[in-house]
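What follows is chain A paired twice: with chain B in the first complex and chain C in the second.
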Partner chain A sequence: MKGMSLIVRTIANISFPFILIYGFYIIAHGHLTPGGGFQGGAVVASGLVLMLIAYNAEWISQRIKESHLSIFESLGALSFVLLAFLGIIFGTAFFSNFLVGTESLFGGIPLDGAANINTGGIIPLMNFAVGLKVIAGLFAIVYVMAHFISKKEGKIA
Partner chain B sequence: MFLEAIHIILPVFIILAAIIAILLKDLLASVIALAAMSLLLSLEFFILHAPDVAIAEAAVGACLTTAIFILAIKATKRNEEEV
Partner chain C sequence: MNFIDLIMSHAPALLVVIPLLGAFLTPLISKINDKIRNIFVISILGITAVFVLLVAQQVLDTGTITYVFGSSLQTQNNTVIRILFEIDALSIFMALVSIILAFVASIYSWGFLENETGQDKYYTLLLLMTAGMLGMVLTGDLFNFFVFIEITSIASAALIAFWTNRVKAVEAGFKYIFISTIGALFILFALALLYGQYDALNIAQLADRITFTYLDKIALIIFISALAMKGGIVPMHMWVPDAYGRAPASASLVLVAATQASLYGVFRVLFTLYGNVIHLPNISFGWILVILGLITMLVGVIMAMIQTDFKRLIAYGAVAELGYIFLGVGTGLTIIANPDIGISSAPFAVEAMKGSIFHIINDALDVGLLFMIAGAVYYATKETSLNSLGGLARNMKYTTIFFIIGLLAISGIPPMNGFASKLLIYESTYQLNPIISIIAILSSIMLLAVFVKIFQSVFLGPKLKKFDDVKEVPKSMLIAMGIVASIIIFFGLFPDLIVSNLVEPAVNALIHPENYLQGLTGGL
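Here is the complex of A and B:
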């Protein structure tokens, strides 16, 4: 499978970092603004797929391996469940928000009602876990499909 | 008044884009029309006060499915044959 033209590749190179920053912004602000782990992860995966379409599958496979994507996807799901079980140990119940009210990261309570990034307890951490899983999962689908197509083209030619 | 006009005009454009996507014989142009339909649909979701759904629709509907369709077109022929 050949890559696209120089125009497509230049535009993809320019817009790729902005798409990544927008997606990570949606993930990090999931407890304050619309969006969250799934939406931001889908945006970041869209940016990665844009690079996969603009360049060819071999160019991507030199940089990211499919087994690493599987590891990241499993890591996201495992950290989500692990955070939920930590609620039993440190809090009261499954999914208990044990970080709220403490001095740790994301532990603040907004007393004046204004939007503050340092609040939410374990909710931002769970958004990060879901975002990692969605990025790896959605990108792996298109990645495997592109590799299947490039292998099939190699057999014909 | 302005919002009511948008609520009437936007679904008309969504249906028009969907009809164009069916009628076109060039499959790549048809996929672009489908992406335009998805983008207008996400705008409609945003006007209906569902920004969560709008972001998910714009990312998945307008970008990821378009990429998968383009990969599928690359693996097959670009033009639909006349019957």
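Here is the complex of A and C:
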């Protein structure tokens, strides 16, 4: 896989940051608007896949390693479970939302109509955790497949 | 409240959370060292097993436990809107079966997969699957049941296809994910039918509201057929030999537990979800289970006779064993639903159910032991075809002894556990119809014949030259087989202890659904 033409690469370069911002926006507003960790993560991962297609697998592999992706994926899942665990310690039950209604970060209570991002307790934090896992996981799948294809092509050529 | 009380009050959630946490930590820990990772996985499953025992004691002492996630239980328009676990004696019995097999599988894998690549993924999936199975049996919410089924089937499909360089393993994995996705989607459809009518997803609440309308009957049929499909009951058993036969032996072991968890779903739906209506006269659902059980036994054992592959043969044996479980439960249901069948038949209904619930754990252990032996033979010789094996008793004396134990146990020969549960099933089905118990005994005899054939062709016979340098398998595999074999002998020697302490409460939980309903209303 050689990567695509200069036009495609330039357009990919320009749109890449916007896709990332849009994805992170969906993750961060998961508790207020439609979407959340999974959807936003998928958007960010698709931005990364765009770069993978516009350039090539080797170019990406110089910058991101598959083992790092798997570490990020585990960290995302792990922080999700650990946040739920904190519910036992600070709240009443597993998954209990101990942050909501306090003065801390995301401590507010989301009200109808008033879209304040500083609300929701542990739900936005969990969205971030899911987002991290989805970005790393989805991108790792495409990345491994692309690597496989480029290796195969190399053998034939 | 001190620390131990705190932990104990959250123990039901920890049963699922600890394996889940372990699953996500495994990829990180395997970066350090393979040995540390193996010890970590074994200890995670060991801790989970301890928690299962603690919760079991709590359940058997005080009755149904309800654990609500998030915060306290809330209702809106009389509908429970929380995710909750509801644990009665049957749930914890099934959890015990799952955790024993998963724990043993993790010990066995140490030696069995020693030189394979991708072990970090294997152990992650193993823990994920354990979390899924435990969730399936502990949950008190139909939708969560569906979610946990999906977790279990995705993890098991990946485990079946663990040897991705073998075409047939990948094919078996694909077949399994196909079958279980269809099954799970039908379950989703059936629970949508119930949710649309009764506005609830909580099992206890649905059971309270169900009136057995025409839609409910459709939902019941879909539930039973989809779960039986995942369990491998005969008309839908085609995936079982492929999946069990192609998966690594340690994964087959956990798959056996996953199948049993699907059967748990059948029982939970029949006896608890439809518990208030299934006892109505003129509903002869029990006969359907009896007939399915009989077909399963016969087809399983006849197909086992013609197999030449070691693991496929055991897989068909496992199918046949599932028939006994369905037979016992079906008999119990038939007698309960039609009290006019016999004069003094009511006690036999309980006996039949006891037999089949006891057979769940016996079947899991016996089939599990045989799969581990098939894996050990494969590990030592790299052969699975019965035609090219022979004379291994000279090189692998411990494996041979374990095989004799497994052989006697699966065919129901007295000193082993299989005898205890099968005798209960024979006795009680005889009261329903003597022909049923004759067929059951006949299939047991045929199972014995099949496994004696294996014993002869694998372990006995002249010494083969190509197996001169075959050695006994590593210690971890022997320990795993030894644990299961000693549990089998213990259950066989003291069946009364198990039946009265574990099986009888589980049967009572099944035939008295009102206890399950009280578990929820107590929390309301």
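Just so we're on the same page, the second predicted complex is superposed on the first by the 153 of 157 C-alpha atoms of A that agree within 3 Å, B and C clash if a C-alpha of one lies under 4 Å from a C-alpha of the other, contacts with A are read in each partner's own complex, and residues count from 1 in each chain.
Just so it is clear, a contact is a pair of C-beta atoms (placed from the backbone, for glycine too) under 8 Å apart; a residue touches a chain by one contact, two chains touch by 3 or more.
This one's a predicted model, so the numbers in the text were calculated from it and none came from an experiment.
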{"item": "Which of chain B and chain C A:F95 touches, first, second, both or neither", "value": "second"}
{"item": "Partner chain(s) touched by A:A146 [first = chain B, second = chain C, both, neither]", "value": "first"}
{"item": "Partner chain(s) touched by A:I53 [first = chain B, second = chain C, both, neither]", "value": "first"}
{"item": "Partner chain(s) touched by A:N116 [first = chain B, second = chain C, both, neither]", "value": "neither"}
{"item": "First (chain B), second (chain C), both or neither touched by A:S61", "value": "neither"}
{"item": "First (chain B), second (chain C), both or neither touched by A:A42", "value": "first"}
{"item": "Common interface positions of chain A, toward chain B and toward chain C", "value": "none"}
{"item": "Chain A to chain C touching residues, read off their complex", "value": "67, 70-71, 73-75, 77-78, 81-82, 84-85, 87-88, 91-97"}
{"item": "Chain A contact footprint on chain C (complex, rising order)", "value": "6, 10, 13-14, 17, 20-21, 24-25, 27-28, 31, 67-72, 83"}
{"item": "Contact footprint of chain A on chain B as seen in their complex", "value": "51-52, 55-56, 59-60, 63-64, 67-68, 70-71, 74-75"}
{"item": "Parts of chain A lying in touch with chain B, wherever the complex brings them together", "value": "1, 26, 34-36, 38-39, 42-43, 45-46, 49-50, 52-53, 138, 141-142, 145-146, 149, 152-153"}
